[in-house]
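Below are two complexes that have chain A in common, paired first with chain B and then with chain C.
On to the complex of A and B.
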């Protein structure tokens, strides 16, 4: 990918986000469900309801509402949450770090697992163990993250209660954080006991998110490794007296990584999407969990803010993957 | 004089049991110290398989049915794997056919040369890169220090082949197997590459097994030659003798198919397999006579 391509991508970002906003905005208001009906006490008079409706601008036409919302959004004001009575931008910003930390941890676990399985799988190529590994990968691909979340919750939360199954941090653990990146902050400031407590809460949801993604990484990488190992340069390395593990790691892996990152990197979006249900299951206070509450309460401004946040994350992820591929492949770097 | 390489009665089959194709059927050849031996034969004769058998590069579905491959008197097929790996790349080296696919596309040229030097000679990173610079200069690459920093796609095919030649001679091998190293190159580059192989061979004192289907190349740089057909050796001897008085009709057909300045090339007429088979026993007898004569 050349620089021109990157610029083209950047130019396409605003129209993409605009499109996302339009679709979400219209869908929310066309689909049945009324935020006011969700919040009024029983027995409120029609006049009260109308006043509330007008207060949130819901009495106007959809187009009118959209223009108002967009005008404010462009100045960084994404409105007030109807159910939480707070600024949407601040709400999302406060919760986003929790989801980012969880997704990052899950991605790291998935990558480490996937790489190990792929290297093992390609090492035993042609033997019966390879079949077992391929079969295992297939199984893990077929079970979705929220199912893993339930399985892990029952297994390590209920059956063998080893780990906490709810929240981000113990309520009785009285620590103050300067940022909302609790894990990163505690690691950077050397508060390892706090980091450990955080990790204990994160590990189950992170593993649930990681398992299907690890299987995806393993499948993509194993195929790429097998293809790269058949190339002349890898074969010739054998004639230079290198052992097969050394060749797989030094010659084959850096090459196989390129298609794997290009194809698998964008799939991290699936993992991000998975946080919605998995955070819910573990009562983890991230934006995924928040999104479910927002939908239940028909909290239009909050839903719009959250979906826009996910859209920005997806776009950023795609760009990051492209840059990473350029970094890994010298043939693209000098293009 | 003991041979650097002595392949004896080598049988190799490729494919599933039952449907295996015998690609080498009792092939034997010797390469003496410092000798340049041409291994010729038409495409599919089994030349590459023979080279690959020596280098331990046979495809996964290949089975060695019998024979010995002695390198400096030790059987490569019988020795333990780590011992063989200690020889490969250090005492036995390869110049591959395709310079485009034979270098790792994501590693710098310098790193690719250095890794072998460090592996076999236990050089430091600095020393290995220093040695790599010398090697590149030896294969007539200008600005070797700059080229060390480049990736394979940033240099020409001819230059890549020179890098591969430099890598082959890096650890002063006793034997270099060159598998059609000029086939993928255009004529002027071919000539330069042949000169380089000859120069480095002399300087490093290596023997060369030069695999090619081009008798012109053999005539230029090989003192001795072996003619392979369908997995068997049909004829061998001093290049001058074989080319002047080919004893085998197949060699004559090969010669006739080679373009020469004084006459146009004829198409290589396929020799009927039955004829080859009937001549095989004859050639085999001659073969043995030759070996006996030299011993």
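On to the complex of A and C.
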């Protein structure tokens, strides 16, 4: 990707986000489901309902509501959550680090697993073990992350109760954090016991998210490795006497990595989307879990804030992947 | 061989290293059993807000258990729905129902150690009555005002007589909040560091994960058995089952009945069930073909409620004939709507319908919102088909139900569950069947005329008798289809004694060691 392309992508971000805002704002108010109807108590009169509607600013036209919201959003105020009674921006900022840490851990696990499986799969090309690896990849791709979550929950929570199955940290622990990046902070401050406690809670949801993604990485990378291994430069290296593992690792792997990053990197957004259900199953306190409650309660301001956050993350991830590919591929850097 | 080459041995070593934390005994300790002195409850909903008087969570009955652990209601409620002293030790009207008198308990303190004062009571009631305050039950609290304080006694003028006023003081938004503290920290500050006068004070809160409470040393009531209570917010039923089965929690509830039966048979666990003040029902909307009395009555008589309870809910339900469940103030066991498919057929025949030429309409239902809701409606549609009713099932979300009901736009039949934690007929039959109420689907004028005078009836015996008569009329006219009273399954570790509440609350202050 050329710098001009990067600048063009950056320029397109504000209109893209604006479009997301408009669509989400209008859709929420057009589809059935009204937060006021959810909170009308028995005995409320039409006047009581109108009073509540006005209290939450929902008595105005959609256009008026949008203009008010946009005006506030441009100053960093994304409104007040109807169900949580707090500033949306603060709520999302407080929970986002939990999701980011979980997604990062899942991505690391998926990458490590995917690379290992792909290298092994190529190394045993043509043998029976390759069939088994290909079959395994197919199975892991076919089972979605939330099903892995349930399987892991029952396996390691009930059958072999090794790991905690709910929350982000042990409720009995009295630990103070300065930031909401609990894992990063505890690692940086050398509190390894706290980091371990956090990892214990994160490992199952992270693995559930990682398994389908690892299978995807493995499939993409294995195909790229096989293709690259058949290239002339690999054959020449072999003719020069280099061992096959050395050729795979030093010569073939860096070249095979580029298409995998380009295709697989974008799939990280799917992993991020998967946090919604997986966080719910493991009662993990990220924005995915929060999003489900926001939708159930028809908490318009919070839903808008969360979708906008996901949109920003998706755009940032896509851009980051493109930049990474540019960094890895000298043809793009110098082209 | 090149030292950096990826050998099989290297890969095995790497895999072994990655698996080490999983296999180590260090991780094993995390699947901890409850610590001594700590009670852990796997709770079925998240806690959205700490203010029990404003917004969605204020009218969510399921959250009230947490609120009642932290805050004191004005008036307490016993497990059987009867009322008992709370922060108020005495309450009542004067003879002509123009004034209310309340007496505040002496010695009650807030979690910061300051005393609970009559000014706190007055401020809480006044704030609840403020139309701009966002209290969803404001229409009840606004019916009393002009409070005066004399020692620990508070009097107020009745601006409009509301017979259920004191009953509301035991339930939704009926909590006393600390005036001085709230005014000092503001609404946002209160959300971040709430204090109440209840048996437990907030110690730690991780949104969507857990709430940790510590016993309030200055609590006026009995000392709770557990010094620490942890509410783990485990909203997924499968995860709640796993929580109790793995030993991560001591108590859980609202799990599938099949799982309840399985878990209670396991060693180390015990189960208990109790009918709660929550009923399953089918709203009938006053549109065609439900304007035909024969169709409505046939739809009622064609349903075998006992079979539904026995086969779909494994017996965990109590069939009902009116919107008053056993234990409610206006429950009348003499009102019966029998299962009689032949009667249903003959009623439909009078209107020209038969299994060959059925009456057609839509029934709406949730799917997965309540146990076996969709399956139940499937069974009912099957029963209806046999007598000459061809109903089409339409699935909706609960949020859609609320909106459609408020707009009077429900289908001719719509499944719902109705809670009535104070057990008063005005909050069951009253709001569900009184035409002007936004919750009512049947707007029939005859029923409105019968209910109307009961709202302000000052003679309690006459009022309850009036509601019973209304329930009888509604049953005779088939204006709603009451199905059954829900039974709440609770699973807990053996060695614990859990007091079931008829209003469905799981109060940690009532859980003790057996």
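As a working rule, the second predicted complex is superposed on the first by the 334 of 335 C-alpha atoms of A that agree within 3 Å, B and C clash if a C-alpha of one lies under 4 Å from a C-alpha of the other, contacts with A are read in each partner's own complex, and residues count from 1 in each chain.
Assume a contact is a pair of C-beta atoms (placed from the backbone, for glycine too) under 8 Å apart; a residue touches a chain by one contact, two chains touch by 3 or more.
Computed from a predicted model, the values in this text were never measured in an experiment.
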Contacts of A:270 with chain B and chain C, given as first, second, both or neither: neither
Touching partner for A:243 - first (chain B), second (chain C), both, neither: both
Touched partner set for A:226, first chain B, second chain C, both or neither: neither
Partner chain in contact with A:169 - chain B first, chain C second, else both or neither: second
Partner chain in contact with A:35 - chain B first, chain C second, else both or neither: second
Which of chain B and chain C A:283 touches, first, second, both or neither: second
First (chain B), second (chain C), both or neither touched by A:311: neither
When both partners are placed on the shared chain, which of chain B and chain C touches more of chain A: C
Contacts of A:235 with chain B and chain C, given as first, second, both or neither: first
Touching both chain C and chain B, counted on chain A across the two superposed complexes: 242-243, 250
Contact footprint of chain C on chain A as seen in their complex: 32-46, 48-49, 51-52, 55, 82-87, 91, 94-95, 112, 116, 119-120, 123, 150, 153-154, 157-158, 161-172, 174, 196-197, 199-201, 203, 242-243, 245-246, 248-250, 279-286, 289-290, 292-293, 296-299
Residues on chain C engaged by chain A in the complex (per definition of touch): 1-2, 4-7, 11, 14-15, 18, 21-22, 26-28, 30-32, 35, 38, 40, 42, 46, 48-49, 51, 54-59, 131-132, 134, 136-140, 172, 187-188, 191, 204, 206-210, 212, 230, 232-236, 238-239, 242-243, 245-248, 396-400, 402-406, 426-427, 430-432, 436-439
Of all residues in chain A, those that touch chain B in their complex: 126, 231-236, 238-243, 250-251, 254-255, 258, 328-331, 334
Residue ranges of chain B touching chain A (in the complex, touch as defined): 55-57, 60, 85-90, 92-94, 96, 98, 101-107, 115-116, 119-120, 151, 153-154, 167
